[in-house]
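Some structures to go through are shown next.
Both of the next two complexes hold chain A, though its partner changes from chain B to chain C.
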Partner chain A sequence: MNSLKPMRFIGAIFFTAILGMVLAVGFAAPAFAQDAPDVGPTPPLVLKPMESHIGNITGHAAAAKSDYRRYCAGCHGDLGDANGENAVWLDPKPRDFTSATFKCRSTLTGTLPTDEDLYNTIQRGITNSNMPIWNTFTRQQRADLVAYIKIFSPRWDKEKAGDPIKVPAEPPVTIDSIAHGKLLFTKLECWKCHGPAGKGDGPSSGTLTDSKDNPIRPYNFALGKDDSRFKCGSTNQDIYKIFMTGVDGTPMPSFADVIQPNDAWDLVHFLRTLQINRHGKENEILSAAHGVIPPYVDKNPAPAAAPAPAPADNKSPGGGQ
Partner chain B sequence: MRLWAQSHRCQKPRRVSSVLAAAFALVFLILGASQSASALPAFARKYGLRCSACHESWPMLNFFGQKFKDNGYQLMNDRDAPIWQNPGYWPVTFRIVPLWHRVSTNKVRVDSGDGSREAKITSSGFDLTGLDFHTGGTLEKNISFYVLPSSDATGSFHFETVMARLDNVFGSPWLNVKLGKFELDNLLSEKRPLTLTANGGIYQLYHFMPVGSGNIFGQIGSNQLGVEVMGHSLNDRTRYSASLLSSNNGSVGLPYGSNSYSAFFTGSQAFDAGRLGVQRLGFYAMVGEAPTTWLTDGGAPVPGSGTGNKGYSREGFVGQFYFGPHVDLTVVTQHGSDSAWFGQGYGDLIDGVAVNNNTPGTVLAAGSRAPTWNGVLFEPHYVYNPQLIFIGRYETIRMSQQSTPGTPSNLGNITSYTVGYRYNPIMTSRAGLAWHTEYNWFHQDGTSPVSNTNLTSSELLMGFDFDF
Partner chain C sequence: MRTKNILLTLLTLLVCSSLMFAGTISGKVTYTGTPAKQKPIDMGKEPSCAKQHATPVTNETVVTGPSNSLENVVVYVSSGASDDGQVPSQAVTYEQKGCQYLPHILPMHVNQELKIVNADQTSHNIHPLAKVNREWNKSQPPGTPPISEKYDKPEFISVKCNVHPWMHGYFAVLNTNHYDVSKGGGDFKLPNLPPGKYTITAWHEDYGTQTADITITGTETKEQNFTFKAKAY
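Moving on, here comes the complex of A and B:
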């Protein structure tokens, strides 16, 4: 076979050029547009010059636009309204940033979280959900995304983040602290949702809904193992914060006005014993007591605790915003 | 998945006779069989993440996707075990590319009145790649698998990947054990390239063989049979892997040496560089032995009888550098060395790549040396947005020592340029579609089939790369 004739060669080049241009313009041009063609019309989203401050890092919303679209929009939606194309398939549903109601905070219930709270949530992911652990991002990327999340709700324009609660030093775990924690677990009616053994099977467990009326299940402590995580962390300090700040948007209320810090730590110690497959100092002490939690005897009687804050309609105090 | 395009690899100098022709034909066949990219909407469907979450542009992984892979295709949440999936969920993805391409080679051997001569051949038309069926995921929490039957464009299938992996052994991400046929732990994955042409769709560094060599066993781009131990930090910034491999270039049935093994090692460390992004530096090394001595039956080598192992090595550095959210550059270097025996045409006699059998009493020709070479590739990307990426690649390999004294020092040197772009008109958690356009120019010194002059080929390709 000889080389191609000149006209055929020119024809091939011409065809190639035309085909390439047509297809390049036809298909690639939409990519230069502001937003992807597959995610609906251009959203009426104002990219506010929002910032976040994580330590010495300043995050800028504008810098996270591409990352949000790449990693987050599929679930949280381009408008941050939890209407990404995948949201319908998720349980639990993704966070709706337009309401600025966040579960994991170090601030009191009903207040906005700190930048660090949002940063830590991105870094940590949320277990028992589809929210991955985004710890491969740079710190700057996470800070930028925190800033970006704030553009979706006007609350960030009007309100400041709440003040982080103070987490006092954890007292030693003792059989007494566990016993007191058990008493609080009963008095505060935690068992109504979480069940007497913490298996998430309390009498109210089947009736719970979140602030958007989606069914929601209480945490099952019994599934916990050594590497177990809660939605908002895995340490004793994280558990302490969870019930002192509440989990906004869910029926889990804040107990900050109900119990004292030391009582809260006792509750933490008891909750750890509900994680029967977890190796920890709480379960070691319980084992040393032959697995029996004795009745709590108050050696320093104090004024009676206020009644537990019953979740109205099984919804969070911070819900529905 | 692989194009079976017209290639320079099938046209070798008559001087090196049919050996080279067979060798390169084999290499081409092997490459053709091994070019299966991985991008799994099945994973996206399971976890509800867009392709862009794991892929810089599919099929190339980003750091998050690399961590997902390193975790055994798990996000490390409570949804990893298959018990969480709808019983009807079947993690299968297929991938194929209908395309149009124009292929041109400047010197192809053709008959002439008084023998042979060289002619330029250019052809164009619509075509297909091979078809991949990916299935992978978890059998249970921390037990993962991957099976990939892959075909050429004619529908002839082989097993490209078959492996099971114990993940996070003893609860530690630092210990994961994989057994089967799998891709080596190359940071720049040839199974997930952003290129599709015959010469641009592979990394030449990963398959290079000096002209006349009989060593097919040092191809780090080929999926290999063996066992791999790898580990990583929780955020995947630190990674290592060590593999023990049969020296058979991934061929099943124990066709080669009776006791020939190789090893492949990698290590890398990534750094947080603020607004620039994550930067990663690493190394790789492959060292091994492969047979040169064969028992014969009627003159034909007996499969599995190979002994007389000789050594080879490939080592280099890898850098992945990010310059903000849009621009990144990957650099891979390589220094390669084969035993002088391989350089003199001993080695894979089974497939006819080697022509000499190292029978007892054989001595190498006087002055024979170990062929060595150095190479580097640069692959920059410009990510305009998650849907549109522009790709470039420059790759060069230079012989630093030929096996036979007097051989032109540049014989077999390779230079390759590739440019292109991929546009993803859809970006969902259900399927992938990319409009792919690519141009590759390939040049090799002294390997034209008749005149032993330089060989050049080029290919322009465009098509729909899709998977579901």
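Moving on, here comes the complex of A and C:
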């Protein structure tokens, strides 16, 4: 009799345990039934009646709610704070809309981009990142999404977008404009990050971080062929805007205060020659000159074959490399 | 007539009293514990800057002086000051020299003009990583004119140059003109405080903030010291 008692005791424990498990699974079951996305926790987000204006299209934030949750929130987060569930796996990180700092702008550094700037970014995607080309959306859908991302930062309530910079008509490419562009590339020390041949391997390239302290690489001009893109476009006009307005949130500064408009075009022409595998007028003119960029003869002595620091520093040994 | 004169005298006295009976808060900032050793900076990649320093400079996250004094602590009136909104007309200047920021921490009033100067023979990019204010990033090659900017919200803004990763400083944008940055012996002084209750905040870039409540009753100097706990790493 006595020996049976422990058995009964153990049996009771088993019974209780199994009963507990059954109950637990039973109660927990509803928690698994979260297939529909709208059952999840509602973010404490006010859907402000933001608008966007692209040409004759008016975008409305409210209309983009489901598109944002379906296509954008996975990376950019329900709250637009770049904390979507995929964000940890991404490099570079998705844009944080709560800071309203945007890479691709036609406006000066520190200002809000225009609606067209944001619309164009959605349309073209961002090369070398996980932001795809959203060409499956209608124009209206894209305009609505532009309006939607404005709900995440109070800056859009108070500030207007910056004025787009003026881009003068592009002068013809000549070997002189390329030579002058090369001088500017040296003088303005673009090579410190982008490297003497534009391969993204300059002396500072290994230490660069974005505004959130994540490592970031400078653009490698030598990669890519005829279809090569930059983060913010692929035309000569786009290159002009990229270095004049800067890529906000990254180490790439604005040069709008330090480069004259026509000089800027010369720099564009030289940058195109760094894309050695691209077929374009710049490389054609360079080939016609037997691939040699002559020294630019205007105000400064000939730039050395290997880029040196600013002319005033020519005396210092080592040349900063 | 007589009463009028007396009234006028009293009024003048009242107006002047705020200037005459101005108190001062002063003190020392010190640390306890062992601060992290500051690393020497290798400016080898920028010879024009390296040659400006006879001995290699160290980074300036924690700068200490004799008898445990702590430098580069911003001490300011965080509430109770009567000069909110009085923007000084003269600009403050932030200089890039020898690939360092001078001063390391630049205090300024909200909306005060800020001038940024490049005294070096190399290009710098000035990249203040503002979170509350607008974030911008500008290139400043040698010989170009000063950059003029201002910030419209109070914030401690970390400033860096992406080309020279060792360059690091701060803008302390404050809602008051009553501020000081602790120097050599950790000393600071906040003069010209009219009678009233004040909250004083001491801010250090690595060790955080401390506050103290102080009442000024007349012409007096009140002592207020701050002690920060050093981080060993």
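Going forward, the second predicted complex is superposed on the first by the 257 of 321 C-alpha atoms of A that agree within 3 Å, B and C clash if a C-alpha of one lies under 4 Å from a C-alpha of the other, contacts with A are read in each partner's own complex, and residues count from 1 in each chain.
Just so it is clear, contacts are C-beta pairs under 8 Å (C-beta built on N, C-alpha and C of every residue); 3 or more make two chains touch, one makes a residue touch a chain.
On a predicted model such as this, the values are computed, not experimentally measured, just so you know.
Looking at the shared chain after the overlay, A:Leu208 reaches chain C, while chain B stays out of its contact range. In the superposed model, A:Gly125 lies in contact with chain B only, and not with chain C.
Touch criterion met: A:Thr136 reaches chain B, while chain C stays clear of it. Of the two partner chains placed around the shared chain by superposition, chain B is the only one that A:Trp89 touches, whereas chain C remains out of contact. Of the two partners chain B and chain C, more chain A residues are in touch with B. Shared-chain residue A:Thr58: touches no atom of chain B or chain C. Of the two partner chains placed by the overlay, neither chain B nor chain C lies in contact with A:Ser234. Contact residues of chain B toward chain A in the complex are 47-50, 52-53, 62-64, 66-67, 75-79, 100, 102, 110, 119-122, 124, 171, 234-236, 272-275, 277-278, 325, 384-388, 421, 423-429, 435, 437, 460, 462. Within the complex formed with chain B, the chain A residues making contact are 1-4, 9, 12, 15-16, 19-20, 23-24, 27-28, 30-32, 36-39, 63, 66-67, 69-71, 73-75, 85-86, 89-90, 125, 127-141, 226-227.
Against chain C, the residues of chain A that register as touching in their complex are 99, 101, 108-111, 187-189, 192-193, 203-204, 207-209, 211, 246, 248-255, 257-258, 309-310, 312-313, 316-320.
Of all residues in chain C, those touching chain A in their complex are 45-48, 51, 121-123, 125-127, 129, 131, 134-144, 147, 162-165.
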